[in-house]
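Below, chain A partners chain B and then partners chain C, in two separate complexes.
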Partner chain A sequence: MTNQIIQAILLGGYYALIACGLSFMFSVMKIINLAHGSLLVFAGYLLWFFAEHYHISPFVGLLIVIPVMMLIGWALQAFLLEKSARGGELLPILTTFGLAIVIENLLFEHFGANTRSLAPYIGDLSWESWELFSGFYVGKTSVYILIAAIVILGSLQLFMKKTALGRQIRATAHDPDTAGIVGINPKRASAIATALAMSTVAVSGLALGVRGVFDAYSGGPQLLFAFEATIIGGVGSLWGTLIGGIILAFAQTIGANIHPQGFLLGGHILFIIILLIRLILAKGGVGHRLKFALGVSK
Partner chain B sequence: MKKINKTGISRRQFTLSALVGGAVVAMNPTLAAAKSDKKLRLGFISPRTGHLGAFGETDPFVLSQVRQALANGLTINNVNYDIEILDRDSQSDPSRAGQLAKDLINNENIDFMLATVAPETINPVSDACEAAGIPCLSAVMPWEAWYFGRGAKPGQPSPFKWTYHFSFGVDEFYKTYISQWSLIKTNKKVGVMYPNDADGNAIRTFLKPKLEAAGYTIVDPGAYETGTSDFSSQIALFKREGIEIFNAFPIPSDFAALWRQAAQQGLTRQIKIAQIARTGLFPSDIEALGGLGNNLASACYWHKDFPYRSPLTGQTGTQLCDLYEAQTSKQWTQQIGACLSLFDAAMETLKTSIDPKNKVNVAMAMRKLNVSTIAGQVDFTSGPVPNVASAPIIGTQWVKSKKGPFQFDYLITENATDRNVPVTHKLTPYNA
Partner chain C sequence: MSSLKIENMDVRHGQLKAVRNVSLSIEKGEVIALIGANGAGKTTFLRAISGAHTLTAGRIYLNDNDITQRPSHQRVNAGLALVPEGRKLFTNMTTEENLLLGATSARKGEWNVEKIFEVFPNLIKRRHTKTGTMSGGEQQATAIGRALMSNPDILILDEVSLGLSPLVVDQVYQNLEKLLATDTTIILVEQDLSRAMKVASRAVCMLEGEIVLDKPMADITRDEITDAYFGLHKIKTNSGE
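== the complex of A and B ==
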């Protein structure tokens, strides 16, 4: 049992890491990026490409892939999300949904059907472990992933609170027009925020590839886990995302203990229960309650 | 102005050449056959993209070999037929496979249908052919799922008139596993991971009781859902029970997550035989596992060391695979030979049918078919049930390659289901 609790916390770290970017974009820009999973797989493929063809370790590969993903994030905001956000709340969701399909099929077209993994390029690290006490093992990569999640969420939090740029992004998120009056360039602030979110997606791609394998269509489940962790943790709180990831992993572990097929179901049931509780607790009309449940409004 | 017909030859020229040609033909019967305009159209449906895409990756190569061998047509009862193969990609999707089959039957007027790889492709294609009265030959999926999965009942006459299938079944898995697992001394405790899907449930129902009857203790944590990302409860159970043999039928992504976690938690250190089906048929699955892929035991439905020759192309397995590796710089896969054996059997069927344009004749020829292909004997006269010929499953192991150029060598460790196949490697314990 102790072992399973430890494993659940480590798995939660992974969920929190892949949720970072989604949670950040959701809380700062109020955009649910449904292409999050596909972009994550795309980052994984980029890392794989450099490792396979240029023998660049995926860790070093991040030095290339993070800037590439940031650039993509900036372009995404400047040319796609910025425009679609003006069309109401629904349009960015549809836009990113379409984008996800486009990315998946392009990846399939280019990289084919074979499953890929980054593990072969990091030697035995993908399955090395530390023995905590007799019979209890923790995987090294799982621990690194948990640490990465904590560091990234922590620095994003600090950045938003303590720096001028962070304040500008928050101001823009709150009210772009007023932010413009006090001399902030809202377009620039949003583009930087998206670029930041995409830099975490690059790291998530590494985590995905090191933990398991991926193919062009692996983005869907990753998006689902990230979304559930974000909502369970409460939108607007980056530390909440970490807690959300761990709670999701716990629910799945409990589900698996009740029935071997209950792993995924356990997570989904908890997600729905939390949504329902928030719906009941919220005040006001149906629309407002729904928004509250999803965490869009405070 | 001269009257020109469609081909651009004047009528007078045409008459002249027809006369001369006719005279030449009359003198030379082989040429008469070559000039014949009789044509046979073959449908071929396989998954080239989608989650089974790794199987179909080698199809273009095999098709090029088949088309080359058939460039001068196929002579059947002294009549030469042009063979046209219409190959289609099922995209690993059953409903698309069914649509493609109907399109080939209704719009392309095919004479004979071939289908390969997994229930997702073969079953809908077979069903469409059975309904339309088109002869259909298929290979590469457990025959139980093909025969019983399409509504046949044990002990009753076969409901199928047009569709025939040659492949391995649960019995071959059983024989191979028993043979493979006796190669290394173990405590006979087997941890199994069978997923909640068609393959997993079939194996749990049919194979598990047979293994238990053979004296193995099966530790089964129950069916898991594909996409599960944490397997610590199952791993804990296996460690507690002290299993030394591990058997699973996972898809590649599930197995990578499971096996890395098993390695992290020390389970792999106690495993002497890791017998993996479904994942591990192709080199890319094993390469994705890195060092953990070394010494995984597998079972193949074809291997390039099979001692047979293709009656169609005349190649041996080694010749065929060397050519593939030279042309593509990719490692050979077992689907190359399995795919060619389907064409081997199909061409032999057409050759032994009285009139290959007559669909009833072709179906009758399949029923009596007993021929040697690149994958061994295909014998419908002595199958386990009507419409089915059984094919071998040969025990193998993935071993880090010493010579290269590829990362892993795929070596044969036992041959219980086809004694002609040479054993080339002594099974090494996984944890050695």
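== the complex of A and C ==
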């Protein structure tokens, strides 16, 4: 039992890490990025590519992949999201959905159907573990991933609260027109925010690759886990995302205990239950209730 | 050299022409009262100057630089600040954060957070309060302070007294007096005519998107303004013909 709790917390750390970028873009820019999972897999492939062909350790590879993903984020905002966000709340969902399909199929075309993993390139670390107390082991990578999630969420939170740029991004999210009147360049602020979100996606890609295997179509489940963690934790709260990830992992663990195939189902059922409870507890009209259920209204 | 110059400005809201062929030249240090009924086009005119609306025709010059095509944040950099109608504060942020956002353009000048608190002492205890929970007067003071933080050459105040109790309006204007004494150029929209006549050096009246009266306050009578406000002068000329 203790072991399962510890493992669930570690798994929750992974969910929180992959949810960082999604949660950040959702809370700050009100965009649900459905290409999040595919971009994450793309980052994983980039790291794999450098490791396989240039023998660059995936950890060192991050030094290249983070800037690349940030550039992609910047371009994504400037050429796609910015324009589609002007067409209403639904349009970015459709465009990022389309983008996900494009990325997945390009990856499939280029890298084929073989599954890949980053584990072979990190040496013994992939299977090393610490013995917490007699008989209880925790994988080193899992612990590192949890730490990474906490560090990233914490520094994003600090950045948004304490720095001028963070303030500008928050102001732009609140009201881009007024942000302009105050002297903020709203396009720049949004592009920086997207670039930041994509830098966390690069780290998530590393986590995905060292934990197990991925192929071109692995983005879907990652997106789903990230989305569930974000919503359970409540949009707009970055620490909530960490809690959300851990709660999701607990539900999955409990599901797996009840039935060998109940792992995924446990998470989904909890997600639905939380949505329903919020829907019932919320006051006001349908739209307002839905927003509350998703945790958008703060 | 005029501080702000507008040439033949047209602004549309879809089919509606909200501002029609407006030209206006403002000298440095002038305090202009922009007067007009609801729907006369004042707010649209001011929002177009600050870059929140695009023009269909005309040009805007700030200190002789053409800023017509510049986005709003560049206009702030160039020295223009708007206190928008309805205040438009970032309500989920504190007073201090709102003020600091006003300094984004980093123009040089005398204004800083401490100086704003000196001018609006009612804000001191609200420094770390989220502005959404504050009273109307405190919010208005924050909005003015936020605009001042950019050290503007021209300050535009749209309906500062809207939704405030007379007592609070008095307070806001008391604070503004210190500001009026500086050489900042000010355009203000004020529905209270006697107040507008007291603080401004020049009156500009708008009616149906056009400027119908533009005179120094000294040479103007209350009746002239009232006529322009309601469009009575049009009826008079019509009946005179």
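Keep this in mind: the second predicted complex is superposed on the first by the 298 of 298 C-alpha atoms of A that agree within 3 Å, B and C clash if a C-alpha of one lies under 4 Å from a C-alpha of the other, contacts with A are read in each partner's own complex, and residues count from 1 in each chain.
The rule is short, and it goes like this: contacts are C-beta pairs under 8 Å (C-beta built on N, C-alpha and C of every residue); 3 or more make two chains touch, one makes a residue touch a chain.
Values in this document were obtained by computation on a predicted structure and should not be read as measured data.
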{"item": "Partner with the higher number of touched chain A residues, chain C or chain B", "value": "B"}
{"item": "Touching partner for A:Val182 - first (chain B), second (chain C), both, neither", "value": "second"}
{"item": "Which superposed partner A:Ile9 touches (first chain B, second chain C, both, neither)", "value": "neither"}
{"item": "Contacts of A:Ile64 with chain B and chain C, given as first, second, both or neither", "value": "neither"}
{"item": "Touching partner for A:Ala282 - first (chain B), second (chain C), both, neither", "value": "neither"}
{"item": "Contacts of A:Ile93 with chain B and chain C, given as first, second, both or neither", "value": "neither"}
{"item": "Touching partner for A:His259 - first (chain B), second (chain C), both, neither", "value": "first"}
{"item": "Which superposed partner A:Ser117 touches (first chain B, second chain C, both, neither)", "value": "first"}
{"item": "First (chain B), second (chain C), both or neither touched by A:Ser129", "value": "first"}
{"item": "Chain A residues contacted in one complex by chain B, in the other by chain C", "value": "none"}
{"item": "Chain B to chain A touching residues, read off their complex", "value": "49-54, 57, 196, 221-225, 227-230, 232-234, 236, 239, 252-253, 256-257, 259-261, 263-266, 268, 282, 284-285, 287-292"}
{"item": "List of chain A residues in touch with chain C within their complex", "value": "164, 167-168, 170-171, 174-175, 177-186, 298"}
{"item": "Chain A - residues contacting chain B, complex", "value": "3-4, 7-8, 11, 14, 108, 112-117, 119-120, 122-124, 126-129, 131, 135, 137-140, 142, 211-215, 217-218, 221, 225, 249, 252-253, 256-257, 259-261, 263-265"}
{"item": "Partner chain A, residues of chain C touching it in the complex", "value": "50-52, 71-73, 76-77, 81-82, 84, 88, 90-93, 97, 100-105, 146-147, 150"}
